[in-house]
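In what comes next, chain A is part of two complexes: it sits with chain B in the first one and with chain C in the second one.
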Partner chain A sequence: MEQNAIYELLAGHLGEGALAWHEDAVEPWAEIAPERIADACLFLRDDERLDFNQLMCLSGIDWDGYDENGKGKSVAILGYTDEGQPETTDRTADGDLGVAYHLYSHAQRHKFTLRVRVAREVAEVPTVSHVWPTAAWHEREAWDLVGIRFAGHPDLRRMLLDEAWEGHPLRKDYVMPAMWEGVPMEGRPLAKNPFPATEPATGDDGPGGPTPPAEA
Partner chain B sequence: MSRDAKTPPAGYDVQREHMLDFKVDEQLAKVVESDAKNFILTTVDEVFNWAKLSSIWPVTFGLACCAIEMMATSATRYDIDRFGAGAFRATPRQADLMIVSGTVTGKMATRLKRIYDQMPEPKWVIAMGSCAIGGGPYFKYGYHVVKGVDQMVPVDVYVPGCPPRPEVLLEGLMRLQDKIRGRKGRFVTPKWVTDYAKKIPYRK
Partner chain C sequence: MATGKIMNNGWADQDHVPGIKSELLELNMGPQHPATHGVLRLLLKTDGEIVYQVTPVLGYLHRCAEKIAEGVNYKQWVVYTDRFDYLAPMCCNHAYVTAVEKLMDVEVPERAEHLRVVTAELSRIASHLIALATFGLDMGAWTPLLYCFREREEILNLLERMAGGRMLYNYMIPGGVRYDVPDDSWVGDVLDFITMLERKKLKDYNDLLSYNKIFIERTADVGVIDEATAKAYACTGPVLRGSGVKFDCRRDDPYSVYHKFDFEIPVGTGEMGTVGDCWDRYMVRVREIEQSCRIIRQALDTLPDGSYQAIPLNKIVKVPAGAAYSRTESAKGEIGHYIISDGGQTAFRNKVRSPSFCNLQVVEKVGVGQMVSDLVALVGSLDIVLGEIDR
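On to the complex of A and B.
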């Protein structure tokens, strides 16, 4: 089924819960109201015409540094300096958080993409782990790295990082740790380049290389 | 071709003359003259060092893509067993060497420190690859990577590369053997190593 037709079916089911349809993208996507996402996923899975039996991927998104139209504003992601110390900034993060759902139907052989958008202060989305069990681990990973809580999740623990980790590292305002559990995470100063760029050659350097010095 | 020039004259005992040249005890020289002529002179240090460097057993400790090269080094083509280091032990209690082959994350660094502490003296560490040496490509944005394993344990030999080829790891192993060959009368890790280990800010 064409993606436009899928969205029409979905919008007919959700009513005002379907916020927008972004067709002019490589992977067209529908924006859904966060409180209706579980409803939308159940409809997409159980409707015989759609039959989305697989959740291919569930990803957390940080829209920090994007304006309302979705255009990026070049936010510098914080890392470590050349001296190995964590970088800091005075800028406060703005922009929403979000979740993207990529669905696939093995029977109908069509794909669909959903997105929800929540405010950075809220950062909570209903779970879809009861719709596709694989979402449980994906949601744990999104919670671990981006810091999106999934309401109703059966076991929302960290997936990759240690239980004692502070913060969510893939947020764009995350400040790198200098020390963690007694382990030094900061680096040592980078060595100076022993081969600095030489001065550009002046004079008539043809394809054969630099001009040999004139004989005295 | 004539080999006469290199052949000693009849009745000339090479081993005895050699010992007399180096003023070995006359009593000992008489023993050499007797029937028991097959023994070697050395020191206890040299024998112990020779035994140590000829059977460096590494602990099984593969972390990332460098471990693939380490496995290739232990396979038939490169055959790390030629140097006596092919017995990868499944427990640190039986190991002499830890080849830190790959990216050391903060979570793994706590385990790495524990495994190093469980290894009996004397023990050595090879930092294999850019990540283990200084963080490598994770230096700038690696929130989870220790920027150099020598911030956790004392490192004896650094093997650069990303990842290093098996020949380079063998070269590092041979340099470690040189290091062991030069040890004198030490049956424990040198003091500067234990001092260095105490300064490392690991608290647990």
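On to the complex of A and C.
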């Protein structure tokens, strides 16, 4: 089915919940009100004409600093100072967070893209893991890396990082901790010896190889 | 009888050994375990030999490559795709450059596309060989491993002549490939290799492993993933096809020049047991090796002359603002890249949908109620690679 026709069916079902339709994009996508996303997905899956039985991908996005002219400067990558402490910046991230859903139908052989956008302070979207079980892990990953909570998710734990990790790395204002469980996490390894030798280096190969030279 | 509320599917209510009391045992399978194919940790709750709950714990190989993608330019990030599925890096390269090109709207030279197909299919064969080898190893068959690694070594040699690296190639770039065919004999050597593989070596694997009575006993009717489950959990690749679904991105959502080639899509038929059992998934891979050989032969026979790079190697790629999801068929399944560009030299967001990540999730459902030794068969037959699960 044509992309426009799919959107018309969806908009007919959602009414005001369908916010916008971007048909000129490289990949046309529909913007849905976050609170209606589970409803929209159920409709897309269960309607016989649409039959979207596969969720190909679910991506969490931090839209902070996005500028279509390529001039946007997010605070994504920060360096480390000579002291090994993370650099800081005055800028605070205030952009929205978003989730993109890419759907496919094995029977009808068509695809569709949905997006939702929520304010950074809210950072909560209803889950679709009851619609497609595969969404459960994708949503855990989005929570882990982007920090979007999925209301109604049966088991919203971190997916890839340790449960005690602080922050969500794919946020644009994420600053990597300088220390994690006693291990220095400087962004520039070997620039500085994190384990200075207590005794003068002899050059002998110990169990861990040659002792690194003392700091200049 | 087992107690507790954590158990699934009403197993707790079954008094499967009347009169004998038992309790749940928490068992760690991995992260260092020969049958987990990398640093995968499965938290099992078992009652004797029966598994009540499987909880995969991921992240031991996490490098946050998606964050790195926001800091390096499009060409530099090809290196990181190699490290996702390090058993089939060409397929990962291919997936990523296809996504970038979809946004750039660049015309890739035919010769480059053919070279991409040939190298990606060689990588697929290498990956499937490892899948057969390690699956046999999980089932207690040592010898096929040596046979499979012998053939894989030849593929690595061929690709090394092509791309310079033995395992990680960084071969494809947006707009083409990095190097042309290395010398006059390369094409002939590839053809010789696949002819030998088709005529002799595949028969060896079938004699040694596929139709081995013990192997069939261990894999047929074990770990059955039915079609509905496979689709609901978005399984792709040999896992989906093993469940009898005739779906392959190369055919059903064509990219590159796959539409020009003639090949079959093998599916599981329940030949030895039930459709979607471990043996079916295994056999789909064996038959895919054959089809990959067919594709390679056609791609090399019709290898066009001309340029192999639309964009010079030393030029930095800029991608117009926009977002696109592109998917390709890697050895493990459908690998998707969702790239959001803001028009600059680096991706604003690059989400990778890796096939192993989605395929592995199914053990939470299918693993329940299995014997522990059958869970090993199930995980082995999924053919996961942790590099792309943890990314």
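We adopt the following convention: the second predicted complex is superposed on the first by the 169 of 216 C-alpha atoms of A that agree within 3 Å, B and C clash if a C-alpha of one lies under 4 Å from a C-alpha of the other, contacts with A are read in each partner's own complex, and residues count from 1 in each chain.
Just so we're on the same page, a contact is a pair of C-beta atoms (placed from the backbone, for glycine too) under 8 Å apart; a residue touches a chain by one contact, two chains touch by 3 or more.
These numbers were taken from a predicted model, which means no experiment stands behind them.
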item: First, second, both or neither for A:Trp137, with chain B first and chain C second; value: second
item: First, second, both or neither for A:His106, with chain B first and chain C second; value: second
item: Which of chain B and chain C A:Ala33 touches, first, second, both or neither; value: neither
item: Touching partner for A:Leu42 - first (chain B), second (chain C), both, neither; value: neither
item: Touching partner for A:Leu145 - first (chain B), second (chain C), both, neither; value: second
item: Which of chain B and chain C A:Asn53 touches, first, second, both or neither; value: second
item: First (chain B), second (chain C), both or neither touched by A:Leu161; value: both
item: Partner chain(s) touched by A:Gly182 [first = chain B, second = chain C, both, neither]; value: first
item: First, second, both or neither for A:Ile61, with chain B first and chain C second; value: second
item: Per-residue contact with chain A, leading partner among chain C and chain B; value: C
item: Chain A residues contacted in one complex by chain B, in the other by chain C; value: 77, 161-162, 169, 174
item: In the complex, chain A residues that touch chain B; value: 77, 79-80, 84, 161-162, 169, 174, 176-177, 179-188, 190
item: In the complex with chain A, residue positions of chain C that touch it; value: 58-59, 62, 64, 66-67, 70-71, 102-103, 105, 231-234, 245, 247, 252, 318, 321-325, 327, 334, 336, 338, 340, 342-344, 348-349, 351, 353, 357-358, 361, 365, 390-391
item: Residues of chain A touching chain C in the complex; value: 25-27, 29, 53-57, 59-62, 66-70, 72, 74, 76-77, 100, 102, 106, 109, 113, 132-134, 136-137, 145, 158-162, 169-170, 174
item: Chain A partner contacts - residues on chain B that touch it in the complex; value: 106-107, 109-110, 134-135, 139-148, 151-152, 200-204
